[in-house]
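Chain nomenclature is as follows: A, B, C, D, E, F, G, H, I, J, K and L, assigned in order of appearance, with residue numbering initiated at 1 for each chain independently.
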Amino acid sequence: MSDVLIINGPNLNLLGKREKEIYGSLSYEEMETLIQKEAKKMNLSVSIFQSNHEGEIIDRIQKAAGSVKAIIINPGAYTHYGISIRDALTSINLPAVEVHLSNIFAREHFRQNSVTAGVCRGMISGFGVESYILALQIGILPAH
Amino acid sequence: MSDVLIINGPNLNLLGKREKEIYGSLSYEEMETLIQKEAKKMNLSVSIFQSNHEGEIIDRIQKAAGSVKAIIINPGAYTHYGISIRDALTSINLPAVEVHLSNIFAREHFRQNSVTAGVCRGMISGFGVESYILALQIGILPAH
Amino acid sequence: MSDVLIINGPNLNLLGKREKEIYGSLSYEEMETLIQKEAKKMNLSVSIFQSNHEGEIIDRIQKAAGSVKAIIINPGAYTHYGISIRDALTSINLPAVEVHLSNIFAREHFRQNSVTAGVCRGMISGFGVESYILALQIGILPAH
Amino acid sequence: MSDVLIINGPNLNLLGKREKEIYGSLSYEEMETLIQKEAKKMNLSVSIFQSNHEGEIIDRIQKAAGSVKAIIINPGAYTHYGISIRDALTSINLPAVEVHLSNIFAREHFRQNSVTAGVCRGMISGFGVESYILALQIGILPAH
Amino acid sequence: MSDVLIINGPNLNLLGKREKEIYGSLSYEEMETLIQKEAKKMNLSVSIFQSNHEGEIIDRIQKAAGSVKAIIINPGAYTHYGISIRDALTSINLPAVEVHLSNIFAREHFRQNSVTAGVCRGMISGFGVESYILALQIGILPAH
Amino acid sequence: MSDVLIINGPNLNLLGKREKEIYGSLSYEEMETLIQKEAKKMNLSVSIFQSNHEGEIIDRIQKAAGSVKAIIINPGAYTHYGISIRDALTSINLPAVEVHLSNIFAREHFRQNSVTAGVCRGMISGFGVESYILALQIGILPAH
Amino acid sequence: MSDVLIINGPNLNLLGKREKEIYGSLSYEEMETLIQKEAKKMNLSVSIFQSNHEGEIIDRIQKAAGSVKAIIINPGAYTHYGISIRDALTSINLPAVEVHLSNIFAREHFRQNSVTAGVCRGMISGFGVESYILALQIGILPAH
Amino acid sequence: MSDVLIINGPNLNLLGKREKEIYGSLSYEEMETLIQKEAKKMNLSVSIFQSNHEGEIIDRIQKAAGSVKAIIINPGAYTHYGISIRDALTSINLPAVEVHLSNIFAREHFRQNSVTAGVCRGMISGFGVESYILALQIGILPAH
Amino acid sequence: MSDVLIINGPNLNLLGKREKEIYGSLSYEEMETLIQKEAKKMNLSVSIFQSNHEGEIIDRIQKAAGSVKAIIINPGAYTHYGISIRDALTSINLPAVEVHLSNIFAREHFRQNSVTAGVCRGMISGFGVESYILALQIGILPAH
Amino acid sequence: MSDVLIINGPNLNLLGKREKEIYGSLSYEEMETLIQKEAKKMNLSVSIFQSNHEGEIIDRIQKAAGSVKAIIINPGAYTHYGISIRDALTSINLPAVEVHLSNIFAREHFRQNSVTAGVCRGMISGFGVESYILALQIGILPAH
Amino acid sequence: MSDVLIINGPNLNLLGKREKEIYGSLSYEEMETLIQKEAKKMNLSVSIFQSNHEGEIIDRIQKAAGSVKAIIINPGAYTHYGISIRDALTSINLPAVEVHLSNIFAREHFRQNSVTAGVCRGMISGFGVESYILALQIGILPAH
Amino acid sequence: MSDVLIINGPNLNLLGKREKEIYGSLSYEEMETLIQKEAKKMNLSVSIFQSNHEGEIIDRIQKAAGSVKAIIINPGAYTHYGISIRDALTSINLPAVEVHLSNIFAREHFRQNSVTAGVCRGMISGFGVESYILALQIGILPAH
C-alpha cells in the first residue's frame, strides 16, 4: 500500500516531446524519477499511473480506495469535460489534489475551467513538475 | 441470446459505497440480484454489463445488435457529454430505455440534461433500482 | 380518499385527436379507462383530473394534501415554464412522479427541460400511457 | 357556427384605457363593433372572445374545432411564454393567424419573439385594429 | 372602496404549512389578521385577495382601477414569468408595490429576477409579513 | 410618382423556381402581375423593384423619399442581418411595411428575428403573395 | 455604540444634484436629517457613513461588528459588481438590509441584479428616502 | 512504416449498417478496400485503425510519431468534445487532415463544430468515402 | 456551358498580396492558371468568377442554373454572415462545394462557423489552392 | 495621388436629412466642404468616397493600396457585421482610422461593438464631423 | 479653475515601464509634459490627475463640477467594470471624453467594451498620447 | 528589500472570525506568524500586506517593482472582477503566484473563475494557510 497515488491523464506520457514551450523539456520518465526522489525525502511511498483512457483513469481511482492515503491527479484535457472522473473522485473517500503543469488560466479559453477540481481539496496549477511536489507535501494531510 | 441487455456506465459499480445519500445503500451486486429476480418473474432473461470506459460501452451496444431485444442503459456521467454513446444507440436497431437511479432534475445544473435520451424510447429517472424494474417492464415492448 | 391523484395538464384531454404521430391514437377517455383498469389490478384507487388552467392545477394539488397518498402529474406544456406548479408540489407533503407520454428529449429544444421535475421523486418520459402505469407502480411507495 | 373565431388575450379588454401611446384610443367595444362591421362587408360571421386566463383561452381554442373555419388570435403577453396555447393551436385542425395591435419588433426586447406564431399560418403585427381586418380577409382561405 | 388592495399569488394561501424554513410558521389567516390590524392602526382599509390563477390575478388588478388607491402585490412564482400580470399593472393607473416574504436574491437562480417589479414603484423583499406592513406605509403615498 | 414602392430582396426573383414547398409555385412575374392587378382595384400605382444587392436596396429606399407615399419591403435574408437597410428605412420619412411570403416563425431558428421590422409600421408574414396585397391595403394609410 | 449603521455607496453624496428625474431633489444632507429625525421617533441611534471607495465601505462594514446592531446599506453602483462588499457583509454577524432610492428593476438592464442582496435579510428598492425609513423599522429586529 | 495512418473513431465500424440515409450503404470493409485500392494507385501505403475508445485513439496517434508521414482522422462524435484527441494530435509532429463522411454543417446544431480540426492542416467534410481519398492526395504533402 | 463554376468572394483577388502568412504567396492570377491547368487534366471546363459584392455573387449563382454542372464557392468573409448567399445556393438545383484556402477552425473564433456550408455537399478547408483542386475532382459527381 | 482617402458607408449621404437628433443638421455636402477646408489648412489632399454597397467599399479600399497614405473610414451600419470590410482593411498595407459621427456606446445595444475597428489604428467616435478632422490630424502619421 | 481636467486610471502612472509593445516607451511624466505643452499651444489650462483607486477617481470627478469646463478620462481597466465611475460622470454636468492609449478593439475580448463611454460625448482610442491631444481639441467645445 | 511580498485582498483580515466552515479558525495574526515562521525556515524574508481597497493593492504591487523578488497574492473577491489588479501584476516584472485559502472550484459559480491568475505563474487554491507556504517554496524560483 502506497501513501500517494499519482494519476496522469492523456498525453502526459509525451512530456518533453510535446509543446515544450508550454510544458518544458523534462521527459515523462525524468519527471517520475524526480517525483519519486522528492517523495523519498518526505518518506512517502508513491505510485504513478498514466493513461490516455478516461475509463482506465476511473478504474484506477476506484481501486485506490483502501490502498492509498491520497490522490494527486492531473486529468490532462479530461479536466475540461470528464465528469465521469469527477464522479469517480467523489465515489471514494480519499483526499485528492488536482495539479497542472501549465497555468490553465493563461491558456485557451476552453482550458480555463475544471469539472474535476470542485471535488478535490484544491488545485495547484502552473509550476511544472513542482506542482506535483507541492501536492505531495500537502496531499496526504487530513483535509481541514 | 438474452431478452434485455442492461448497460451501466461509470462508477455505478460502486453503488452502495458511493454517495449513499443520493444513491441509497444497496450494493451493486445486490442490485444485480434484485434486477435478475424481478426479470425472472417477468420471464425475461437479462444480461448486465458495467464499464467505466465510454469505448467499452459503445462496443457493447454494437455487439447487442442481433443478440438482444432491447437495451436498458444508465450512462452515468456520460449522460451529459457522451455523444459517441448516443451515436452507438442510433446505430443499432433496438429499442432502448435510459434509466437513472437519482432524479437528474434535482441535482447540479450540469446534470439536468441528457445527450443520450433523445435517441432512446424514453427516460425513467429518480426511482433507485426501481427505475430498472420499470424499464424492464416497458423496455421490450415494440415502440409505439 | 383515493390512493393516487393523477393530474393531466393542458391539451391532454385532446389525446387521440391531437398530433397522433407524437401521442398515439388512444383517446383521453380510453386512457382513463386503461389506467383505472391497471390501478384496479394493483388494488389502487385513482382519481384523475385534467385542466388546461395553471391555476386549477395548483388548486387541485393543494387540495390533495391529506386526501391522497401520492400524485402523478403530466404538466403538459407547463412543464417548461410553470414554476407556480413546482411551488405547489413543494408546498404539500406528498411524493409526486412526473410523467410524459412522449420522450421530451426527442422533441423541440424548448421541451427538453422541466421546471417541475426537480421537486418530484422522478420522471418517466416517453412510454405513452405506460408512463402512467409505471408511475402507479412506483408512485405510492415511500421515497427512498 | 361562425366563420371565424377571434381570441383576444390578457389586458386587451382595457383597450383605449391602457397605454394609449402604444395601443391607440379606440375602446375594446368600439374595436369589436368595427371588426363586426368589416366582417359583415366580407359576409363573414365572427365570434369574439376575450380572456385574461391562459386556461380559458386554451379551452376556447379546443372548443373551436368543428365549429369555426378559422381562428384569429392575439395572445397578448402570452405570446412570449404561453407554450400551452401553442399546443392548443396545434391540437386542432384549423388555420390560425396571429395578430398584434402594436409592432412587437419595435418594443421591449422580451416582446420581440413569439412562441405561438410558429404554429399559425402567419403573423400580422403593428397595424392596430387593421391587423384584425387584414387577418379576416386572409384567415379563412385554405393555407397554401 | 378600500384604500389598498393586497394581491397574493399562487401558493401563498398555504403559508405556515409550506416550506416553513423559508416562509416561517405564521398561517395565511394569521397573516391576514396581522395585516388588517396594522392597517387599522394606520387608518387604512385593506382588501386582501389570493389566487393561484394568473388570469384571476389579472382580472382583480383590472377591477382595482377606480376602486382602490394603491396595490400591494406578491405575485409568487408568477414574479418570474407572468408578463401578463406586468401588463395588467401597467394598464391601470395606480401605484403598486411588489412584496416578497423571502429574499428572492438568496434563493435559486431562477427566482433572482422579476418581470413585474419594473412597472411597480418598488420592491420590498425578504421580511416575511413585515414586507406587507412596510408596503402599506409606503404604498398609498403619491409616487415621487 | 407612384403611390407605393415594393422592394424585394435577394433571391425573390427566383420565386416559383426555388423551394416550392416553402414559397409556392407562383413565378416572380406572375406575382408582379397579381400585385399590380390588385393595386389597380385599389386605385394605387405601384412600382416594384428587386435586387440581390444590399447596397442597391439601400439606394432605392433613399431615392423613394419624396417620390412615393409608402414602402412595402420584403428584405429576404437581409431581414436577419441587414442593419444598413434598417438605417435606410429610418433615414427617410415614409411609412414602411415588412412582408414575408413564408411564416418566418415556422422556419430555422436564425430566421425567427428581424433587424428591420422594428423601424417599419409592422410586419405581415406567412401569407404568400397575399402578404403584399394586405400590405397594400394598409401601407399607405397614415400611421396611427 | 449606535443601534444602526447606514452605509451609502458611491455618488449618493450628490443626491439632489444628480439625475433628479431618477433620484429626486432632496439633498444628501436633507436626507441625513430626515433619517435622523425618523430614527429619533423610533428611539434609534443611527450613524451614517458615505464613501465612493469600495475599500472604505468594506473597512466600515468590518468595524461595525460589535458596535452596531444592524446595517442598512445602499451600495450604489457597487450593487452590481462589488463581490468584496458581499463578502464583508457575510464576514460580520449582523443583520443587514439593502436599500435603493430608485427601483432598480425599472432601470438599465445592467442594474437589474444585485451581488450583495443575497447576503442581506432583504431588499427595499424604489421609495426614495422612504426606503431607508422602512429599513430602519425592520432592520434591527432579529431575522425570522 | 506506412505512409499514412487513417484513424476512424466511434461507430464508423458500423458503416453501411448505420443510418444509411446519412452515411450511405457502403460497408466499413468495402470502404477500407476502396481506400486501399485508391492509395495503391497513388503509390501510398496506408494503415487503417478504428476504435470506439477515445483512449485507444490517443494511444494510436502517439504511436504514429516516427512511423507514418501523415494522419487522416475521422474522430466521429469525439469531434465535438474530445479535447484529449486534439492534444494528442498537437503532441506529435505530423500533418493531419480531419475528414467526415457527412457534411457536419448540415446536421444537428451540436455537430456543427470541431474541437479537433483546429490543430489539423484542414478539414474535408461531406463527400462520403471520397473525403478520405481527397485527404490521401493532400495529406502527405508538406504543409504550406 | 462550363462544367464547373468557381466563385471567389471578397478580397480573394488580393491573394499573394494579402496576409501571406495565412494565405501563401501564390497570386490570384497564378491560382486561376493553376486551377485551369488541373481542370484541363481532368477534362473539365471551368469558369472562374470573383467579386467583393454579396449581390454580384448571388446574381452569379442564380445565372449558373442551367449553365454549369456544379459550383465551387469560397465565400470569403461572407461565409460567416451571408445568409443571402446560402439562400441563392439553395435556390438553384446544383451540387456545390465550399472551399477555404486557410483552415477556418484554426483562426479567430468568429471565423469558426459557416452559414453557407450547410446547403453545400460539403466543405474543404485549409489546403490552399489544393482545396479547389480537390473540389474539382469531387464537385461534379452527382451527390450521394 | 491623395494623402488621405475618406470612406463613408451606407446612409451617410443622407446626413442632415436623417435622424437629426443623432447626427446633427449639417448636410453631407457641407460636411465634405468642411473636411476639405480643414484638410487644406493641414496641407493634406483628401479624396472622399461614399457608398451604400459593402462590395463597392471593399473595391475602393483595395484600390487605395499604393495611391493614398492613409484611410479614414466610417463604415456606417457595416461596422457591426461587415467582416469583409475588415478583411479588405487587413489586405492592404495602410494605416486606417475608424470614425463615427455619433457615440456608438450611447446607442442601441447592437451598435456597441465594431468588427472593423480591431484592424484599424484606432477609433474616434461621437464628435460629429470633428471625428473626421481629428482623424485627419492623426491618420497619416506612421503608426506607433 | 482649469479649463480641462484629465483623469488617468489605474496603472497609467507606469507608462513607459509597462508593456511597451502595447503602450509605447514614453514615460508618464513625459506624457504629462507633452500634454501640457500642447494644451499651452491651444491656450488651455489643464490639470492632470492619476489614481489607481476607483473611489479617488469618483471623488475627483465629483470635485470637478464647477471648477473645470470639461473632463478627459482614461479609466484604464475600470473602463470594463467601473459602473460607479459611469455614475460619477453622469452626476456632474460636464462634457467628458473617454480616451485610450491602445486600441481596445484590437486587444483581449474582455477589453472590447466600455461601461463608461456611453455617458461621455465620445471615445478616442488607439493613438497613444495623441488620443489626449485630440480630446483636448474637441473636449471643451459645447456638445452638439 | 524583502524576498517575497504577500498581498492579501479584501476581508482576509477577518480570518478566523469569518465563515469558519469555509476558511478555518486560524486568525489572521496567527496566519501571519505561521507564514513568517515557515519563511524563516526557508531563509526567506517576507513582507505581508493586507488591504480591502483595490487601489491600495494596485499601489502596493507597483511599489514592489525593484524591492522584492516575487509576489504571492490572494486577491480575495477581486479575483473575480479586479482587472486593474491584473494589469498591475502585468505592469511589473516579477513572478507572482495566486493563492486561495478555499477551493474556488467548490464554491459559488461566480467564484469559479479568475481574472488575475492568467498573468501569474500559477495558482494554488484550497489548502488554507498551506496555500501560502507552498507558494513561498515555489514563488521565488525563476519562471520556467
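FYI, a residue touches a chain if its C-beta (ideal position, glycine included) is under 8 Å from a C-beta of that chain, and two chains touch if they have at least 3 such contacts.
Nothing here was measured: the structure is a model prediction, and the numbers come from that model.
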item	value
Both-way neighbours, i.e. chains that touch chain J and touch chain F	I
Lowest number of touching-chain links that must be crossed from chain B to chain H	1
Homomeric contact chain G-chain L: same or different residue positions, threshold half	different
Duplicate of the F-J contact set - from A-L, B-H or B-C, the pair where over half of the pairs recur	B-H
Chain centre separation (chain E, chain K; CA means) in Å	47
Distance between the centres, which are taken as Cα means, of chain K and chain C, whole angstrom	62
Mean-CA-position distance for chain K and chain D (Å)	54
Averaged-CA centre spacing for the pair chain G and chain E, given as whole angstrom	23
Chain F: positions in contact with at least two other chains	53-56, 81
Complete list of chain pairs which touch one another	A-B, A-H, A-L, B-C, B-H, C-D, C-E, D-E, D-F, E-G, F-I, F-J, G-K, G-L, H-I, I-J, J-K, K-L
Sites on chain L touched by chain A in the complex	24, 97, 100, 103, 105-106, 112-114, 117-128, 130-131, 134, 137-138, 141, 144
Complex contacts: residues of chain J adjacent to chain F	9-11, 13-14, 17-19, 51-56, 76-78, 80-81, 110
Interfacial residue positions of chain F with respect to chain J in the complex	53-56, 58-59, 62, 65, 81, 83-84, 86-88, 90-92, 115
